[in-house]
Amino acid sequence: MKSTMPDTEDNRLKLVRFVAQEVAKDRKIPHFDRTAVLEILREAQRRAGRRGQLTLRLRELGGLIRVAGDIAQEGSSPLVTAKDVLDAKRIARSLEQQVADRMIERGKEYQTFITTGAIVGMVNGLAVLVGDNSIAEFSGIVLPIAAEVTPAQAKQGGRIIATGRLGEIAKEAVENVAALIKKYTGEDISNHDIHVQFVGSREGTEGDSASISVATAVISALEEVPVNQTVAMTGSLSVRGQVLPVGGVTAKIEAAAELGLNKVVIPRANLKDVLLEDKYQGKIEIVPVDTLSEVLEVALVGPKKSGLISKLAALIPKMTPDKPGPSAVPH
Amino acid sequence: MKSTMPDTEDNRLKLVRFVAQEVAKDRKIPHFDRTAVLEILREAQRRAGRRGQLTLRLRELGGLIRVAGDIAQEGSSPLVTAKDVLDAKRIARSLEQQVADRMIERGKEYQTFITTGAIVGMVNGLAVLVGDNSIAEFSGIVLPIAAEVTPAQAKQGGRIIATGRLGEIAKEAVENVAALIKKYTGEDISNHDIHVQFVGSREGTEGDSASISVATAVISALEEVPVNQTVAMTGSLSVRGQVLPVGGVTAKIEAAAELGLNKVVIPRANLKDVLLEDKYQGKIEIVPVDTLSEVLEVALVGPKKSGLISKLAALIPKMTPDKPGPSAVPH
Amino acid sequence: MKSTMPDTEDNRLKLVRFVAQEVAKDRKIPHFDRTAVLEILREAQRRAGRRGQLTLRLRELGGLIRVAGDIAQEGSSPLVTAKDVLDAKRIARSLEQQVADRMIERGKEYQTFITTGAIVGMVNGLAVLVGDNSIAEFSGIVLPIAAEVTPAQAKQGGRIIATGRLGEIAKEAVENVAALIKKYTGEDISNHDIHVQFVGSREGTEGDSASISVATAVISALEEVPVNQTVAMTGSLSVRGQVLPVGGVTAKIEAAAELGLNKVVIPRANLKDVLLEDKYQGKIEIVPVDTLSEVLEVALVGPKKSGLISKLAALIPKMTPDKPGPSAVPH
Amino acid sequence: MKSTMPDTEDNRLKLVRFVAQEVAKDRKIPHFDRTAVLEILREAQRRAGRRGQLTLRLRELGGLIRVAGDIAQEGSSPLVTAKDVLDAKRIARSLEQQVADRMIERGKEYQTFITTGAIVGMVNGLAVLVGDNSIAEFSGIVLPIAAEVTPAQAKQGGRIIATGRLGEIAKEAVENVAALIKKYTGEDISNHDIHVQFVGSREGTEGDSASISVATAVISALEEVPVNQTVAMTGSLSVRGQVLPVGGVTAKIEAAAELGLNKVVIPRANLKDVLLEDKYQGKIEIVPVDTLSEVLEVALVGPKKSGLISKLAALIPKMTPDKPGPSAVPH
Amino acid sequence: MKSTMPDTEDNRLKLVRFVAQEVAKDRKIPHFDRTAVLEILREAQRRAGRRGQLTLRLRELGGLIRVAGDIAQEGSSPLVTAKDVLDAKRIARSLEQQVADRMIERGKEYQTFITTGAIVGMVNGLAVLVGDNSIAEFSGIVLPIAAEVTPAQAKQGGRIIATGRLGEIAKEAVENVAALIKKYTGEDISNHDIHVQFVGSREGTEGDSASISVATAVISALEEVPVNQTVAMTGSLSVRGQVLPVGGVTAKIEAAAELGLNKVVIPRANLKDVLLEDKYQGKIEIVPVDTLSEVLEVALVGPKKSGLISKLAALIPKMTPDKPGPSAVPH
Amino acid sequence: MKSTMPDTEDNRLKLVRFVAQEVAKDRKIPHFDRTAVLEILREAQRRAGRRGQLTLRLRELGGLIRVAGDIAQEGSSPLVTAKDVLDAKRIARSLEQQVADRMIERGKEYQTFITTGAIVGMVNGLAVLVGDNSIAEFSGIVLPIAAEVTPAQAKQGGRIIATGRLGEIAKEAVENVAALIKKYTGEDISNHDIHVQFVGSREGTEGDSASISVATAVISALEEVPVNQTVAMTGSLSVRGQVLPVGGVTAKIEAAAELGLNKVVIPRANLKDVLLEDKYQGKIEIVPVDTLSEVLEVALVGPKKSGLISKLAALIPKMTPDKPGPSAVPH
């Protein structure tokens, strides 16, 4: 079953009618004013997850409409307003969001990550909590990644050891990152073990959206170039260094903004999916990227940075066919 | 139970009678005109999966007949026409097709693969979505393969690392490709790790039909010879370089055409299974092949290409007994 | 419970009485003439699987009798004849046989194996489809084996990689073959990887009856000596090179004959189990063997063949005590 | 569902009302005097696990209230007092606590750990028994860690072998510690095996809170610098040497105090979670730390200590951004 | 529950009374004459498995009594005789025995083992079929063991590869044998792979009673000293070369005798468990042994034999304390 | 729930009353005389497992009381005496004990261990049968351990191979012993494989109480110093050589005494748990130890012994804080 529909005039009208129907069915709640209806439409856009689409999960939207109506009614308002819808959203947020809220709160309190200055081998990754698939809205959290490069324990060569209860896709993502690291370091790789720690992750970390964070942390640790701790990032990687799109970007960016981070790196292909709530607008700079080189350009600081990026760029082709990279030839 | 019957005059008549029976049984739907009956016969050929056969899955065909009838009736047409059958096909398409449709749409939107120019280490593979076995019609998608060759992490020798949640048959297919790569590279293989990434694949990739894509991507990465991104391909491989037949070729070719690719490489043994819908006719060139050398002849571009193919051809015997290859001797 | 009884005059009479009882019980079917009864007896011999025995699976035989009766009755014959029994056999064949029929048909159509000329590293193995154990009659198929010898990927030594979804017994059979290969190649083995592919096998290949095919394909690939593609073979191997008996030889030989192969190699101990249907008589030469050397004598072609076989024969003792081999001493 | 609420005047009043309601509902138990109510509030703080919060597990608190009431009633007291609440706590303690009590008792009796003097390679770690998650109050135990460094058994390099039936998170914690040890020892690591024993642990040890104990024991064994046996410790570690917060600190500190230990090392981020019962106040010194260097400063004794710590400190950056460490640069 | 009782006058009388009771209970069967009762007593001894004991599995014995009675009654005999009991035994034999019977028959027919002459690397081991534990009487079969010694495939050292679907205990038994082989060969072991094949075993071979057969086959293959094929053997081994007792010796010896073997080697500790049926008496020589050296003394033939045994004996201490071996010193 | 209570005057009185109640409840059994009551108290001490405690498993004790009563009643005794209680114990013994009895009996009969003289690489370990946890009384058996040291099969280094179907804890115990062995042997360890065999163990050996036996057997085999076969032993080990307490010491000592062994080595911490039945008093010498050096002092014999022990003692610190060992420094 389709979960979204195009954001056309026609479909918007359907949603406006849906709001009216829900009000009629409930019988007790007041009518929605124009601001409230617009807020519902806006929420339908957000929950679609991609620009130009409206969510089709009407049951969930119906729940939000009724809760907003109850709030207005309790306050004896004659009409439901945009404010009631925003309040309702806060009340109706899913269990995943509550868990994420507590993790964000706990994160602030316990300082397992830093949001100022620059540090070697530490990156502020972003993740979404994996919950019931039927819930359209993701809940973002900051998931710090720590990396360390050590002498190899085995004489027969190095290993990459990743901790944080990684799931299958996450383990494969670390393998993909390894391809880039080995290409970058050359033969020297076999004298080192590389440790990657998903700090504070205990419940099974899944997905490949931390790939660029892992790559950045490891390269920082290898070269002892500090990472800017005011930057957060999310993005998958191909074994050839291209940054590939991921899910849940809006939720991730909002989580980063909430924690006071200044910049967030995302895959260029996800730029069209960003639909921030008003309160986060302008609070965080969004940097779209195509390759790992561009990620490091944003994330690293200090004197050794530019040499490192030149070295890496030589290994990574541009992906966009309009702007062909070094290994793209005319056909 | 047999799932197909020979495409004889007799069996065609049986299907015509079957259409009439279904119409009679339903009572509400109009009769089928000649174009509609021919379209049903054509669909019965397509769903058989092999030329010269008609599908025997009459229950599924019956569903299609009834939906076409409903469409004509809703439009108050006196007769069901070929157009109604084609519309019905679109409505009645299976869940697999819907998922594939969205993946194709998403693929276009997110650019995880490129359809112009040439790039090193990237190949546009083709796959079918694995669904309920009872549904005869496959749904094709483009599954890009990325490869990278790096220094070996272990001093004791190289490894081949394949990611994309591969199933057992797919893992074995990568092992079979490895035989060819090791033969091709000689002793040097033990100084390199080879990474193969089924880009964007997360749900368990199964089957061996990506074998020639994997082999092409790895050889491209090894030799830094670019791959033509307007070419798609599908085919299994023997450990001795012969291209073996695969399933779902029609659906795969149509998916490639839909995405604007120009050429598609398929196993010669599958040529007889190609039954494109009219709208794809002439939109994509189909190149049948017998050996991996022929695949590379079509897929690679640039100056290093011909030396590479000569080297490989020396290692791969022709399979067809009529045209005996270098290692075939008279008996 | 015993599944066979000796093929004595007494037991034959019991079966004749059994035919009469079944006819009497059914009431509607005509009596069996002498040719029909003889055909049933012949079938009881075939289904016993071993010469000198009659099957005791009377329920299955009863089914065959009733179907033959129905065929005669439909044709309004006054008596059931041998032809009716043969027709009934074709109708009553088990699901396994139908699957095998389609695989044989598909094999002819797709050419995953070759039946003329000679090729290096390819052997036409034979297998039976594993089905419900209660069905006495096996269904044979040709299962091609491809082998390739490559430089070792790991510096620490070679590996043997077998693909085709092998079951436990099949994997162990490959290990047993490995013993012979290592003995044959000597220390050089540690510089090579050996790939063995059960071509087109996807459903879990089980058993050790492909052992001599695997050994032949690997030795052919190692020495680049072509294998005669008109020969099929089946047989297990001891780690010391003796050919051990296997199951289902009749069905395997018939499948090879059906596909136009000229010769079939089987373990000498199985010679007594061969009970071909008349239509296959004389269409295929059966070569019984005791050791791997004898297998290669039949299967290989070309100038390097005889040197290779001498080298192997020196490593393999004869097994038969009456004709003691090089390492058998008087006691 | 939230499990705690802020420790505000408002929320305290809610708990006072809750005590009254429980008394009213029970009908048989006397009223609570002021000391008893304060003790309940204090318990609500303790069970929240974090300072500034009150537990919301009212059902468990209700059980405690009723048991305290029963005790008072049995003693025919006109009012429930603080003493009754404390007695009730002892009676109502969970199964986990009883198991821990016995382990503590057994620990005293069997001397699997030492609480005086200093010994090489032995550290008094602290753990909590993992029980039903719904029970807010943890039960602490002393879990001694023994480490030994030996020549590597394998020529190809050293291994880290950890015993004590470790769960997944605990195994990963040992991997994280390994990163630090390898960094500390340099290339020499590949000539040694490192054994880590969670002494007396048999039921599956889980979690990463023993990380600093493991690191301390191994470094002590490596350098033959004795560990002060009057010190206990708990804390997780990042692969870069930062001490990360853990759970159950109060219970762990109380267990250490109970067994006569003098000092306990905890993560600085957990300092705010310490809420000792009065009887443990002043009996044990609490040392908050940020990095592994600070842990060793407290735990090690003897002449080699200071050189070792200088060496380690050079490898570990400070984490707190206000006091930037060696690898933190201005941004 | 005890499964045997001492073979005292008292207990024999109890069994005699038991026979009488069974006859009385059945009402239809005749009385047992003296020979029949003695045969029952003799069977009770055999089923105890150890000399000087009588079985307590009265339910099974009761079944035998009733079947013997039925046979006598059918034959209208006035009394049950020893012959009726022996006939009943044959009828009442367990499913395991029937399977074993067919395996023995098949073994004779297919010649997977040899019973005359001498061959390198082949040993006639003995096994019992593992069936329902409640059935006291074991069923013996000959299980041939083949061994081959080859150059090591891995440069990093040799492996021992055992095939025949071994269970856990059987795999460990092979490991124990490996200790002796490594001790025997010295450092040279790391240049060889050792293959051990339990020929024809497909259903999961369990137990350690083939240990001496495996050791004998491997040493024969290593030194190219032929094994006498008229000898069968059973026995477990300690890693120091002592032969340890096993189960089912009587059934194993009878199976060997049945197949025409001349000698059988058993652990000395099992000598007291041998209770052959009359028909096997004197047909096979039983050689009890204490150490592996004594096994080889019996099993090997040819000129190299005595040097080999001297070499081995120096490595294996005698176990019996009365006759202390080289490494036993006074205490 | 507590399983024991302190052995105070008060609690003894409770047990006396319990005996009276059980007698009263049963109605048919006679009263217990003073000797019988004392025997019950004594049994309650034994079943507590630790000195100074009485068991609280009253249901089991009740069963013993009733059986003793029945015995007295059957013998028409006016009172139950100590003898009746001892007889009842023998009748009421658990299934575990019966299995152990048979193993002990079988052990005597089959001589898998030796109880006189001295032998290299063989140690008489002690174990308890693991049964239903609710049964307080353990059943001891002698579990011989054999060790052998051989050249390493793998060139890359040695392995420790332990057989006897070890459970997880037992495998970890072998790893802990390995730490000591590697420390003891130094770099030489990588040229040897070490085999440890739990002789005759087939059902899954669990626990770490054989640690000192394994260490003793391996060191004996390494140095070819004989082990006194009149000594049995039990005890766990830390990776630093301290002997740690184990369970079931009384049952183990009694089993050793039963089999005629002279001495038994136990952990000093378990000394207080020894509560032998009268019949074993004085039959076996109990030697409590703190470190592995002390174990070897008791167990080894011959001229090389003292050098070996000096070497080991230098590696193992004393654990008792009052008598600080070489690596314990003042704090």
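Read from first to last, the chains carry the letters A, B, C, D, E and F; within each, the first residue is number 1.
Just so it is clear, a residue touches a chain if its C-beta (ideal position, glycine included) is under 8 Å from a C-beta of that chain, and two chains touch if they have at least 3 such contacts.
This one's a predicted model, so the numbers in the text were calculated from it and none came from an experiment.
Chains making contact with subunit D as well as with subunit F: none in this assembly. Farthest chain from subunit E, judged by C-alpha centroids: A.
Centre-to-centre separation between subunit C and subunit D, using Cα means, comes to 67 Å. Distance from the subunit B centre to the subunit D centre is 58 Å, each centre being the mean of its Cα atoms.
With centres defined as mean CA coordinates, subunit D is found 34 Å away from subunit A.
Residues of subunit B in contact with two or more other chains: 155-156. Taken as a contact graph, with one node per protein chain and an edge wherever two chains touch, the assembly forms a single closed ring in which every chain touches exactly two others.
Listed in ring order from subunit E, with subunit F immediately after it, the chains are E, F, D, A, B, C. Contacts from subunit C toward subunit B in the complex involve residues 98, 109-112, 114-122, 146-148, 150-156, 161, 163-165, 193, 195-197, 199-200, 202, 224, 226, 228-230, 301-302. Subunit C meets subunit E in the complex at residues 1-2, 50, 155-160, 168-169, 172-173, 175-176, 178-180, 182-183, 185-187, 189-190, 238-240, 242, 244-245, 269, 317, 319-321, 324-325, 327-331.
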